[in-house]
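Each in C-alpha cells, the structures are laid out below.
Look for chain A in each of the two complexes below; its partner is chain B in the first and chain C in the second.
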Partner chain A sequence: MLSIKVVNLSKHFKNTVAIRQLNFEFAASRVTCLLGPSGCGKTTLLRIIAGLESPTSGDIYFGDERVNDLSTSRRNIGMVFQYPVVYRGISVYRNIELPLLREKIPASERKKRVTDVIDLLGLGEVADKDITQLDNASRQKVAMARAIARQPKIILFDEPITNVDTSSKLVLKRALKEVMQQLKQTIIYVTHDQTEAMTLADQIVLMKDGEIVQCDEPRKLYLQPESTFGGWFLGNPGMNFFEGECAQAEGKSMVKAPLFPAPLLLDEAYTGDRITIGIRPEHIKVAASPSAGSVRGKVVDNLITIGGQRLLTVEVNDQRIKAKVDHKLGSSLRDQVWLELPLDRIMLFDRDGSRIHRKFAGFRAG
Partner chain B sequence: MAKSVRQSLYYVLLWLISIAFFLPVLWIFLAAFKTKEQILAIPPKWIFTPTFENISNMFSGMNFEKYAVNSVIISLSAVVIAIIVSFFASYSFSRYKPKGTDFLMFLLLSMRMVPGAAVVVPIYLMYTALGWKDTYYGIILLYAMFSIPFSVWILKGFIDGVSLRYDETALVNGGSRMHVMFRVILPQVKPGLVAAFIFNIIFVWNEFLFNFIIGGKKVTTIPVALATGLYKTHGVDWTFIASLSLVYMLPLILMIYFFQRYLLVGMTFGTVRGEV
Partner chain C sequence: MKGIAKWLHERNLFPYALLVPVLIFFIVWNILPLLWMVGLSFYKYDITTGEPLKFLGMDNYQAIFRDHGIWQALSKTFLFVILAVGLETILGMALGFLFWGSSKMPGRRLALTLLFSPMILTPVAAGTFFRLIYDPVFGIANYYLEAWFGLKINFLGDVKWAYPAVLMVDIWMWTPFMILMTLAALGSVPKAELEAAQVDRLPWIRRLWHIVLPHGKFILMLGILLRTIDAFKTMDLIYTMTSGGPGNATELIAISLFRKAFEAFTMGNASALAIISLLIAIAFTSIYLYILNYKERRA
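What follows is the complex of A and B.
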C-alpha cells in the first residue's frame, strides 16, 4: 500500500497563504485525520493530494512516485466530499457502479465489488431504490460506497459527515469506523470535529494557519499537546491556561502562579521569566474543604453538561478556571470550593505557546 | 359571496380573452376541413360536414412532402447541432470561467437581439459569395448559429446549478472530462436540454425571412411555402393555406403540450437548483 508524502508544499491563493512549506508523510494503510479549525488549510491540502488543486510549490509523492503532473483521474484515489454527490435519476446500485463501468474488469467482478460494498455499508435494502428517495446520510453512504468500490489505493474524506443531522452522524461514524477497519487503504480524513477525529483516526495531524502543529495518536495528542493551540482546540471545553512568573533561586527555577498556594520548583532549569501553565478541566480536583496544596475559589457558574457531568467556572485570585466534576459532587458544592491541580497533569508552555518539556517537581519547602 | 362572484367574473374575462386569441387558430383549423365556399361563407359556418379533400390535395401536386421533410430535417439538424455546440460552450463557460465570461455571454445574447432584417442583406451577400445559397448545410448552419446563444444561456444556468463537486467526484473516481460531461453532468441538466431544444425548434420551425432570402427551391420550408403559395391565378388559395397551416402548427402544439413542464423550467433559466 502507498504512503503519501508532501515535500516543501505551499499553496497561495490570491491574498492568502493556505499552506506554507509543509513536509509530512501520511503512513500507508492507516487512517490519518487532518484536524483544525476552518481555514487552516486542511481541505486545501486534501484537494492538492487529490489533484483538484495544484500546489504553488513543492512536491507530492504516492509511494516513490512523484504525482504533481498526474491528472486527478489517473491518481487512482477515491474521494468523498462534504455534500453527498449522487447522480439523480438512477438507482443506488447504478450510482455505485457508474465509475466501475470505465474499468476494464469483467462484469462478474464488477457485480461482486458493488455488492460487496453494498453489504459493507448496509445499503442492501435500498440498492434498487431511486437515489432521490434517500436521505442525506444514506446518500453520503452511497458516495462512500462509490469511492470504495473502485478499490483505490488511497481514499480521501473531506468532512463527510458534517452535513447530516446529529442522529445520522452517529450511524455514519459507526459505518465509517467499520469500513476503515476492513479496508487496508491509506486514508486521509479531513474534519474540524475533534470527536470524529478521536474516534476514527490512527493518528491525528493538527493544523493551524497552513502549518502542522502536531501529529500524534489521538490519546497522546489530547493528553500531551505540544502547543497551547492543541490544548485549547481539543477538549470540550479546552485546556485552562494561566500565567506564571518564573524566577531563579538557589540554582533552581521557581514558578509563582495564582492557583498554587506556594511557589513551585521545576525539575530542570528554565531561563524564561514567564511561563504558561495548562491543565484540562477534568484533571482539576475540586473539594468542598481545604487540603494540602489546594487554593480557595469562588464558584461563578455551575452547568450541567452531557454525560452527567458538571462544568464549574471558579474564580481564584481574579483568574477564572473551568473544572469538570461529576454530577453528584457538582450539585453538592456551595459557593466556596477548594481546587487542587495535580502536578503530574500540568503542561507547561513558553510565551509563544510551544510546550516546554519540564515538570513541576513539587512545592518549594517553607 | 361577493368575493367568489368577483372571482368568477375574472375567470369569465380571462376565458373571453383566451378565446379571442385562440379564435383565429380555431378558424384556420376548422377551415382545413371546409370547402372553399364554406370557408368564405358569411355568416361563418360552424356546423358543416368535414371534408378531407384539402389534406389529400396537399399530397398531390403541391410538393407538400418536400416542404414538410425540409422543415423537419432543417429544424432538427440545426437544433441538434446548436445544442451539442452549446453544451460544450456552456460547460466551458460554467467550469473554466475564461477571462471575460460575462462579456462574452452578453455578446452572445446580443447576437440574438439583432433583428433578422438588419443582417439579412450582409448574410445574403456572404452566402452568395460562399456559394451556400439554397444548400442544406448553409441553411442548417445559419439556424444553428441563431439557436446557439439562447441555448448557451439556458444551459449555462443549468450547469451552474450543478455543484462542482459532481465534476470532482467523477474525476477522482477516474473519469475523463468527457465522462464528466456526458455521464455525470448531462443527465443532471436534461430539463435544460429539453427546454433549449423546444425553444429553438419553435424558432427554427417558424423562421421565414432567412429561408425566403437565402434559401431556394431546394430547401424551402413550410412557412415559405405557405407565403409563396398564397396566391393562385384565381385569388387567395384558402383551402391550401388552411390545410398547410394545420399540419404546420400541429407538431409544435403537440410537442409543447407534452414538454410543457420542461418549458416552465427553461423559462426560469435553470434557477431550479439541485440540493448540492
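What follows is the complex of A and C.
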C-alpha cells in the first residue's frame, strides 16, 4: 500500500499563508487524522493531496511517485466531501457503481464489489431507491460507499460527518470505524472535532497556523501534549494552565506556584525563571475536606454538566482553575473545597508553550 | 403629509400606498392598451380613411384564419424559433462549458466581454451592420467568398439564402445570452459535486447529466423560455435587413403584424393578429412551465 509524503510544501492564498514549509509522511495502510481549528490549513493540505488545489511550492509523493503534475482523476484516490455528494437521477446502487464503470473489471466482479460495500455500510434496504429520496446521512453513506467500492489505494475524508444531524453522527461514526478497520488503504481524515479524531485515528496530526504541532497516537497526544496549544485544543474543556516561578536553590530547581501548598522540586535542573504548569480538569482531585498536599479554594461556578460530570470553576489565590468531578460529589460540594493536583499528571511548558521534559519530584521538605 | 402617513399606517394601507405609482404606470401603459387592443380586434378600423369604427364581431379573426400568407408566416416563425433557439442553446452551452473550464486562461475576461457585445447592440444597428456585411457588391462576406471560393452570393436578395442568412444573424446576436445562462447554471452547481466527479473520474457526459443539469436546469430552461418568447417576436432585426423579403421569404409573424398595422393601417385586423400572437406566446410559456414542474408534480 501507498504512503503519502509531502516535502517542503507551502500554499499561499492572496493574503494568507495556509500551509508553511510542511514536511510529513502519512503512514501506509493507516488512518491519520488531521485535526485543528478552522483555518489551520488541514483542508487545504487534503485538497492539495487530492490535486484539487495546487501547492505554491513543494512536492507530493504517493509512494515513490511524484504526483504534483497529475490531475485529480489520474491520482487514483477516493474522496468523501463535507457536503454529501450524490449523482442525481439514478438509484443508490447505480451511484456506487458509476465510478467502477470505467475500471477494466468484469461485470461479475463489479457487482460483487458494489454489493459488498452496500452490505458493509448497511445500505441494502435503500439500494434500489432513487438517490433523492435519501436524507443527508444516508447520502453521505452512499458517498463513502462510492469511495470505497473503487478500491483506490488512498481514501481522503474531508469532515464527512460535520453536516449531518447529531443523531446520525453516531451512526456514521460507527460505520466509519467499522469500515476503517476492514480497509487496508491509506486513509487521511480531516476534522475539527477531537472526539471524531480520537475515535477513528491510528495517529493524529495536530495542526495550527499551517504548521504541524504534534503527531502522535490519540491517547499519547491527549495525555502528553508537546505544546500548550495541544493541551488547550484537546479535551472538553482543555487543560488548565498557570504560571510558576522557578528558582535555583541548593543545587536544585524549585518552583513556586499558587496552587500548591509548598514549593516543588524538579527532577532535573531547569534554568528558566518562569514555567507554565498544565493539568487536565479531570485529573484534579477535589474534596470537601483538606488532605496532605491540597490547597483551599472557593467554588465560583458549579452549573455545567459535561457527559455526566460536573464542571467546577474554583478560585485559588486569585487563580481560576477548572475541575471535572463526579456528578454526585459535585452537587454535594459547598463553597469551600480542597484541591489536590497529582504531580504525575502535571505537564510542564516553557514560556513559548513548548513542553519541558521535567517532572515534579515532590515538595521541598520543611 | 404626516397626517396622511399616520392615517395609512393605522389602517395597514402603507404598503399599498407605496405600490400605487407603479400600479398607475402599469395600468396606463400595459393593461389599458391591451384591453383597447382586445376591443379593437372586433372592429373595422382603418386610420387612413378616417371612417368611424365599425363592429365586425369575429370577422377579423376569421379573415386571419383564411389568410394563406399568415399561415406561411406562422410556419416560418415556428421554424425560426426552433432553429434559432435550438442552435443558440447548443452553441451557448458548448461555449459556456468552455469558458467555465478555462478559468485560468489569460484574457478570459476580455474574451467574455467581447463575446457578449452582440447582445448589447440594438437589433436595428446589428441589422444594419449585417446588411452591409451581406451586401453583394461592397460586402465583406462576398469579398472573401469570391477571393477564396470564387463564389458570389446575394445573401439577402436571394430567396434561397435570405432565410438562413437572417437566422445566422439572430444566432450571432443571441448565443451570448445562452452562454451567460449556461455560466449562471454552472455557477449554481455545488463545487464539491464537480470535484467529486473529478475524483470519481466520471466522463463529461455523466457530469452533465447527473450533476450540471439537475442543478442548472431551472436557469437553463428559463433562458430557453426567454429566448423562445423573444425569437417569436423577432421583428426589428430582420426588418432592417430584408423588410420580410425577398418576396415573403423572411416574413415572420411579427413582420406581418407590423405591415398590417403600419403599412396597410388596418388596425382592427392587426389587433386580432396581435391577440393571436399573444395567445401563442402564452401557450409556449405554459408548455415550458409544465415541463419544468413535471417531475415535481409526479413525485
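Methods note: the second predicted complex is superposed on the first by the 363 of 366 C-alpha atoms of A that agree within 3 Å, B and C clash if a C-alpha of one lies under 4 Å from a C-alpha of the other, contacts with A are read in each partner's own complex, and residues count from 1 in each chain.
The rule is simple: a residue touches a chain if its C-beta (ideal position, glycine included) is under 8 Å from a C-beta of that chain, and two chains touch if they have at least 3 such contacts.
Everything numeric here is computed off the predicted structure, so don't read it as measured data.
Overlay on chain A: chain B and chain C clash in the combined arrangement.
Judged by the number of chain A residues each one touches, B leads among chain B and chain C. Of the two partner chains placed by the overlay, chain B and chain C both lie in contact with A:Arg88.
Once the two complexes are laid over each other on the shared chain, residue contacts for A:Lys14 go to neither chain B nor chain C. Judged by the touch definition given at the top, the superposed model places A:Arg102 against both chain B and chain C. Shared-chain residue A:Arg334: touches no atom of chain B or chain C.
In this superposition on chain A, the options for chain C are 6-14, 42-50, 96-104 or 258-266, and chain B clashes with just 96-104. Comparing which residues of chain A touch chain B with which touch chain C, the overlap comprises 50, 52, 71-73, 77-79, 81-83, 85, 87-90, 98-99, 102, 143, 146-147, 150. Taken in their complex, chain C has these residues touching chain A: 190, 192-193, 195-203, 206, 209-211, 214. The touching residues of chain A, counted against chain C in their complex, run 50, 52, 71-73, 77-79, 81-83, 85, 87-90, 98-99, 102, 143, 146-147, 150.
Residues of chain A that touch chain B in their complex: 50-52, 71-79, 81-85, 87-90, 98-99, 102-103, 143, 146-147, 150, 156.
Listed in rising order, the residues of chain B touching chain A in the complex are 163, 165-166, 168-176, 179, 183-184, 187-188, 190, 274-276.
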